[in-house]
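To keep things simple, chains are lettered A, B, C, D and E as they appear, and every chain counts its residues starting from 1.
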């Protein structure tokens, strides 16, 4: 039997902006069947709406491949606002010519392995009982401090890079290899090693991790922003050999798109 | 070979209301193509019907993401009434503009690990043979007592919280890790630990578990009701490290929606 | 390496009626778009055909959930007749308003673990070589006797219960746990234990097992008939803890429907 | 680490006719919506084409269940000719009323375990180095001899039996049980045992195996032809307990159809 | 616990042209419903565009089976140009009659196991610390040299062979058998053995490997070009028994098509 008393502690996390990815396919034949003046009207309406969305931290990407033609990414402070952004789009006449193929709902997250180790260690040293009021206050104080310190990373602008790679992922919970049963210290070490690889790519790729446990079908979403899409492959391939990815990472579908502003979108849809 | 005589006993459960989740997608372009007066007529008809459904313990949620636009949740005393609710919706003109993407059928359930342990222990002590008349009477008496004591939890109103998170789940029956072969006492301990985490969130999230063995494609459905959707992630992430979830939980798709009353729905559909 | 000489013997089975399950979804909006007189004509035509089908051992069920609206179940002596029943439906005008979502093809089967053990034991005792003429004659005689004795169970009427639960299933052929490598005696013991649970529910649920190896994508289909749908959950949950289900059962999708006669169907489709 | 030097040798195979299975669903409502004279015209055109196809070794089957209504099977000497048969069908007006649900591409194959054992053994005895010119010549000569001897089985007519059961399959490459790592001699023994079962059914079922590695999503396709469809179940169930199937066989979807000639097809489509 | 210090090094790779596969299905009934003059106009427009694409290293294949009718393959120096090729097609009137069923995005890649072994060995001998400036310079110099030497293989023309077999694949990351945890030397040996088989088929099949980590849902895409499609089966079957494939290869769907030039395509679409 497994040992109840050795269950590893949960790493503390802080959360920021809600994130919604919307993958859509253009109904090209219906779109092309419209009178050109009608298309222009629809594009004018859409352009205004998209410019407003961009100002509220949304961005549009032209996707490569059949999984969709356009991907919209929204960062918002609250889920209420994500729902508003989503609903606003359904009100556009352009939406009749876009078919939503998939989506992803998550919240920007920073995992605090190091802080967790420290605060738990210090609480244990002081003999403070888990889940006591003092314990909760100390944890909450740690979280509040981190939320403030990390605010720019928790509520970021959408990076302006030319290409975006998005994919969801899980940590494996296999019958023999189960991330959620690995001792905390080992997980912390593996995450450090993993982070070190990421930092070597800091100049060429910007990574935003969002948590989706309880929100969508995978545990995390990963957004990589880079001007040269080849770095997506290099970074992920190198990471695939680190312990946490080699043993514990399970990947969903990959989406690669090129950033398109409102003017670009208008060109894109002018057929 | 496995040992037949050590097969763990089945935990007693009591059942309450039948539950049907219906996920639907709005056919936005067909809907928008209608004359505005026609849409108003259809909404008037639908509003009356939805208000009646709400009074019979149904609720409507605006979903985030592409899995659907509206989720209807029905609690009913009998499956016959769930079928009536479902059939009544197909009679609405609005139903022509809603496409059912998925659904989930289950019945509210309370697992009685503690009572099971006690009553089985006591029956064994008294030397009462399993499945004898006396044994069945004692079990049935335990169940009847629990059904009465638990009545409010078995036949609840739909909690009024702003957000709902729904997902189905299984207990793992792997080749090495198989919940249905774990000794009863160990399962009981793990469920206690699991429940203790849930109770720490009692102030911010209301959980309703429904059983779906024999009804739908997963073993259980979980509905979490909360005003702040972030607690869905926190609760489920913390639980993912407890033994019963880390080792034995398998999850289906997650649905997150915001409660919408009839007036809200009318606004939502006024494009 | 595995041992060729210890491969477990195949249990004898006898087969009866062919079974076809057809799950269909009503095209509600197309159906509702028809003139009411036209709908009545179509229903009249369908009613006559369905009454004839019912007399030939077919039944109709209103399904709960999105997997379909109507499930048709046909028991026929031969596959030729199943094909005729299927083809006859495609000739109905109502069929234009029904979309087939899935189906299941199988044949009613009784597994003869006990007889198999006896006849194989007796043949071995007498030193009769497997697959010799004498051996085949003895096996064939056993099968013929069983087919006659079991005739009512092999070619049954469709039980008149109010609810039906249908699901397909497999026996696991995992890398460590493989039903088809378990010694015959152990399989026989597990099947006895499994059957004993079923018999405790004999008063409230009628079970019909059909084999589908070579016919459809799972190995068996299970039909449970009961007036109270809660017994589906109780029976299957209790069985989930017996060895053969806990370790070796893999389940497909579950379909739950309420029996509907021609008059009921007419009501159901009168919108 | 695994041992490179003990990798089992590849069994020799000889290949014959290319095989294409096409599963199609009739668009019944569009078809029925046509004027009866128009349907007759379309059927006349199709009948001529189908008769020509039949003469070139094609056959048509009425499928049971929702996976399709009609399955076309084509045997052709070359892939070029399969492509022509496929393209010819798209030119028929009937094709507008048939929706292709799936297909399978393969080539009739005979695995030569016994010859392989002999020729490899003899080459090793003579000390002839693998992949040397002499080695290749000897292998090629064996293959040429087998291709000639097996010609009727490699380029067969489609057997005229009343029923067809088609399914694709793989040999398991699991983490513990991996067919491709089993020593050659053990594979040969298991295939012999497997073949012996098949031969006991020789009078009632005709089996054609086609290889699809590099052509389609499973490794082999299996076609069983029989007048009594129950033998499909009996044969496959018995085989499921032999070592090669119990441990190493993975199965795709099963398709069961009844042979229909052009006249039968005309009847079938006359609604 | 696994050993962090023994994680195997990442093999160096060099990348060349971006690759996009587009599988499309012809909407035959809509296409046939057009006036013949209209079809001719559309084909004239498409022919001009396809000829231009072919000159920029694109090719068209007629697919066997239901996965699509036409597969377009594009090799381009940059992802920007792949996006342009893709967008250009959506501007063709023919595109209204083609439904994209799937696609695959990757980049031509050469894995440098041998160079990696040498340069890492030499750096270790010289005591140069990993990821130091000297280390990075030496690695970058190796890559630059290889990119130049391999230029023709990294930016190839599409081979003119009559048949193409395309499939995506992964290296297994199982709980016991995990490619990414195999020591570098063992991987190098397995890749050598694998390459040796490929070289024996050099006269009859041309293989192009592209990497898709970070771009699409599998790790690699494989394109095999041959005049005789039977060599696809022979090559892949032989490889299936080598260690790297038998133990570590997981395969996606297979697509087999016949090269079609613009004139051939025009014939193909003239119905």
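Everything below uses one rule, namely that a contact is a pair of C-beta atoms (placed from the backbone, for glycine too) under 8 Å apart; a residue touches a chain by one contact, two chains touch by 3 or more.
Everything numeric in this text was worked out from a predicted model, so none of it was measured.
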_Chains touching both subunit C and subunit D, listed by label_ = none
*Please state whether the interface between subunit A and subunit B is built from the same residues or different ones, using more than half shared residue numbers as the mark of same.*
different
*Distance from the CA centroid of subunit A to that of subunit E, rounded to the nearest Å?*
28
*With chain centres defined as C-alpha means, what is the inter-centre distance between subunit A and subunit C in Å?*
46
*For subunit C, jot down the residues that touch at least 2 other chains.*
175-176
*Going round the ring from subunit A and on to subunit E first, in what order do the chains come?*
A, E, D, C, B
_So in the complex, the part of subunit C that touches subunit D is made up of which residues?_
1-2, 4, 7-10, 13, 15, 20, 22-23, 79-80, 82-83, 86-87, 90-91, 93, 95-96, 100-105, 107, 131, 173, 175-176, 178, 180-181, 211-217
*asked:* Touching residues of subunit E toward subunit D in the complex: what are they?
replied: 26, 28-29, 32, 62, 64-67, 69, 163, 165, 172, 174-177, 182-183, 186, 189-190, 193, 200, 224, 229-230, 232-233, 235-238, 240-243, 245-247, 251, 253-254, 256, 258, 268, 271
